[in-house]
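The letters A, B and C name the chains in turn, as written, and every chain counts its residues from 1.
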Amino acid sequence: MQTADPIQMKALERSASRKRTFYRWLLFLILGLFGIYYLAPMYVMIVTSLKSMEEIRQGNLMTLPGEIMFDAWKTAWSGRGYAAGDVFLRPFFWNSIKLVVPAVVISTFFGALNGYALTKWRFKGDNLLFLLFLFGCFIPYQAILLPMARTLGMMGISNSIFGLVLVHTVYGLSFTTMFFRNYYISIPDEMIKAARIDGAGFFKIFFKVLLPISSPIIVVTVIWQFTGIWNDFLFGSSFSFGESAPIQVALNNMVLTSTSVKEYNVDMAAAFIAGIPTLLVYVFAGKYFIRGLTAGSVKG
Amino acid sequence: MYKQVLKISAGFILAAGISASPAFAGGEAEVLHWWTSGGEAKALKVLKDDFAKNGGTWKDMPVAGGGGDAAMVTLKARIVSGDPPTAAQIKGPTIQEYDDEGVVGPYNIHSVATAENWDALLSPQVANHMKCDGFTKYCAAPVNIHRIDWFWANKKVLDANGLKMPTSWPEFNAAATKLKAAGIIPFAHGGQPWQDATVFEAVAIGIGGNDFYRKAIMELDLDALGGSTMVKVFDQMRILQGFTDEGMPGRDWNVATGMVMNGKAAFQIMGDWAKGEFANAGLKPGIDYYCLPTPSNHGYLYNVDSFIFYSMKGENKIEGQKLLASLMMGKNFQKVFNLYKGSIPARLDVPMDEFDMCAKGSAADLNYAAMTGGLLPSFAHGMALKLAQKGAIQDVVTEHFNSKMSSKEAASRLVRAVKDTL
Amino acid sequence: MFYWLQKNLPKIVIAPSFAVILWFVYGFILWTIYISFTNSKMLPRYDFVGLKQHIRLWSQWRWYNAVENLLIFTVLFIAICIIIGIFLSILLDQKIRAEGFLRTVYLYPMALSFIVTGTAWKWILNPTMGIQKLVRDWGFTDFTFDWLVNRDMSIYTIVIAAVWQSSGFVMALFLAGLRSIDDEIIKAAKIDGASLYSIYITIILPMLRPVFMSAIVILLHISIKSYDLVIALTAGGPGTSSDMPAVYMTQMAFHRSEIALASASAVMMFLTILAIVVPYLYSELRRQDANR
């Protein structure tokens, strides 16, 4: 190979690095544009919630509030102080928490147990069983609303928090089982075999060997379930009554009322407040989400 | 000694238990509705307060959205689960539909209705809507009468353009054309299916006449549905479409009213709950805005809001139903409720002096129309037809209004759609 | 006895969940299928009328319209989400500092409920209040963007909002997949002189086949269940131009007192899901077993 001319080399390097910088800037530009697409609605929501109704009527979507007012937020959270059809979010917030926590815990636990049993203890028909579980992910909830109502009625829990927890747990089982099964299947069987040789039984292996290394997928499952159950409207409005309804029902009652002046700022503030828990969950656990996905459903 | 203490404590507990639950005095009621804001919520609060004053416990069950759409889902779920709400905001033939399914008997409130002689307090048409079991037993209580076919107009805009309120459809078309040329949106409209249907039925009685409406819409005569009169009705709908603005589809009705209020638009066709919007903004009828029935031959399209009372388990709840029903037909309640809601009382003997001029006009028109056969149940608001048929007609109407479909095509689709549901 | 317990413990452990699924999923599906053969109107009735409701279903132009919309929506929704997802994940994979922040930005839409998404986008896409007004205020008075109120284009606005909500999740899936690919393979290809572009096309993307499958399954299930978003954004309008099967089914069942007809449409939806999902899952599981 010829020894390259040092000046030429330098020139090539410079143009290469300029090219890299150019691509780098292009990268940021594209990512930034997409960022705007994703952030725009949230920007609109927050900005509107901080404006007064006058400003909203006169201006357009994108303008910043002339004067930042948190009144809309206060109204959305704790109401207007009079009780005439006043819907606000605070009591319903806790209803949702009371509902989500048990449902998530139970469905996650059983999902883990099922995933474990399906993958580390092979038996005839275990794949078919898994397939049957999976199909449950696709059921449109409106289609099963009535038979569910009948069943809950027969069980006597059609109008209580127990009914809602049962419904969400049941339909979460398909997803949680899928997540854990796909995660455990990529964990080497050797670990289990070693533990068995050491004399450990079914449950001991589960609690002492598998669960400790399951944190990524547990986080994934919890996030998925939390989001789905917190954001549910259909089951919440059908199987709970008035004051014990979850937060989306209250949000719906605030935002979709069909009479009188729509207070857009209150609507947006309410929508945002209702979305804060899930947002928080995503922000803080986002890291784990990626890690969990790598080890779980992605590779199949 | 021990036994004595036990007895005394038991006595205390029992006493405490009894005194701590006033609910038993007036019954309890779980009420499903979607009146969650504004004038409607205020109106409902009157009922809530009345109920509480009489010792009842009110459990609120609001489900807003789509003018009751979401509430219907909740309601069916509750009924199928065997635990219907004590009272639900149901009106029109749907009441009888539920009766057909067998979930309303044994008509718990009929005893109250006979005791208070509702037959004498309500016009026969309204009373019939409230009865089940072949129109013999009361199973629902009416709280108001809404008129649907109103024109609402901005007085200043009309004055500025030298126009008076139109008393015929051709007059309206001419006025609207003039306004359009002057840069005003002639017709403020919210393009949601129920609003399209509202306009349609007003046009139907205006262009086709009261008897046409009766034959085509109420009796579902297929020839009338597909005939030349229906084509003319659709023609006028097409003309009206030309007077709307581009933001029409999906717009909420109160936003359209807002357009009339601030002068961007001139006219709106809407039921008299629109009055509440004007009132809330401090506008006065005759001074800032006009309310006039849409052109027709003394037709009057009505909607009666009511609450149905399902069959119930538990003395407490049945007590609650009876109390609610009685309160709903109370004279003072009917007055105050309707003052807030913008409608007129269903009960015939309520003094009207506190009502504004639109309401007074409505009451007078109601009586006249009842006498001359122009009192017609609104199909768009669920008073005339079963839900399946109402929905089928609504689908065609809204499709036609939001497209360039020909009137003939619309009429023939109407026939097909209705046939399918029969 | 103890041995039998030990041997069958896995099955015993799964049994409760399976029993629950059997009842609440399959039992209900069977119930729905049965109802689709009855004359149920407002509440369920158990008379048998054969295929009447199914025949009715396929003679309704509204149903055809909904099915057509579902096809348009599903194809666009899945294709765009995957393209954007891959694109963004590749970009994010370039080891930039703001990765964590940007990832959250792209992912957060999924955390919001459909009511929120629909309301916000309804505003943004409304010609008299949103983007069109904004751009016109900036001076471009001829700019039109009225898809939301245009019956031919309304279905595409649902695509816009739905893509916004779900593409971040697809991006996350692909990002995880990309991260799990061995760098050695890429280095080797580079040494062999392959361009970055062809490396991606011929090596990396094929290796991500499982990710494609997962993404498609998840997106498909979101698409079939689309109800809240449609209602919040367009309510199926203008007219019924953006109607979808799930909306049709709900309206028929709960607002038209046509439960049997609605069940027939639900049966159609089940069959479609069956036809697409089962072969995929079956082949996936077969492949996994082969690899064990």
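Assume contacts are C-beta pairs under 8 Å (C-beta built on N, C-alpha and C of every residue); 3 or more make two chains touch, one makes a residue touch a chain.
Keep in mind it's a predicted model, so treat the numbers as computed, not measured.
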{"item": "Centroid comparison with subunit A (C-alpha atoms), farthest chain", "value": "B"}
{"item": "Between the pairs A-B and B-C, the one where more C-beta pairs touch", "value": "A-B"}
{"item": "For subunit A paired with subunit C, centre-to-centre distance based on mean C-alpha positions, whole Å", "value": "15"}
{"item": "Separation of mean Cα positions, subunit B and subunit A [Å, integer]", "value": "39"}
{"item": "For subunit B paired with subunit C, centre-to-centre distance based on mean C-alpha positions, whole Å", "value": "37"}
{"item": "For subunit C, residues that touch 2 or more chains besides their own", "value": "44, 129, 250, 253"}
{"item": "For subunit B, residues contacting two or more additional chains", "value": "66, 73, 76, 80"}
{"item": "Multi-partner residues of subunit A (at least 2 other chains)", "value": "142, 145-146, 148, 234, 252, 256"}
{"item": "Subunit B-facing residues of subunit A, complex", "value": "83-87, 142, 145-146, 148-150, 152-154, 158-159, 234, 237-239, 241-243, 249, 252-254, 256-262"}
{"item": "Residue numbers on subunit B that touch subunit A, as the complex places them", "value": "30, 34-42, 44-45, 59-67, 70, 73-74, 76-78, 80-83, 85, 252-255, 258, 273, 276-277, 280"}
{"item": "Touch list for subunit C against partner subunit B, complex", "value": "41-44, 56, 59-62, 122, 126-129, 146, 148-149, 151, 154, 231, 234-235, 237-241, 250-251, 253-258"}
{"item": "Of all residues in subunit B, those that touch subunit C in their complex", "value": "66, 69, 72-73, 76, 79-80, 94, 97-98, 100-101, 103, 191-193, 245-250, 386-388, 391, 395, 398-403, 413, 420-421"}
{"item": "Interfacial residue positions of subunit A with respect to subunit C in the complex", "value": "27-28, 30-31, 34-35, 37-42, 44-45, 60-62, 110, 113-114, 117-118, 121, 123, 127, 129-148, 151, 170-171, 173-174, 177, 185, 201-202, 227, 230-231, 233-234, 248, 251-252, 255-256, 264, 267-268, 271-272, 274-275, 278-279, 281-283, 286-287, 289-291, 293-294, 297-300"}
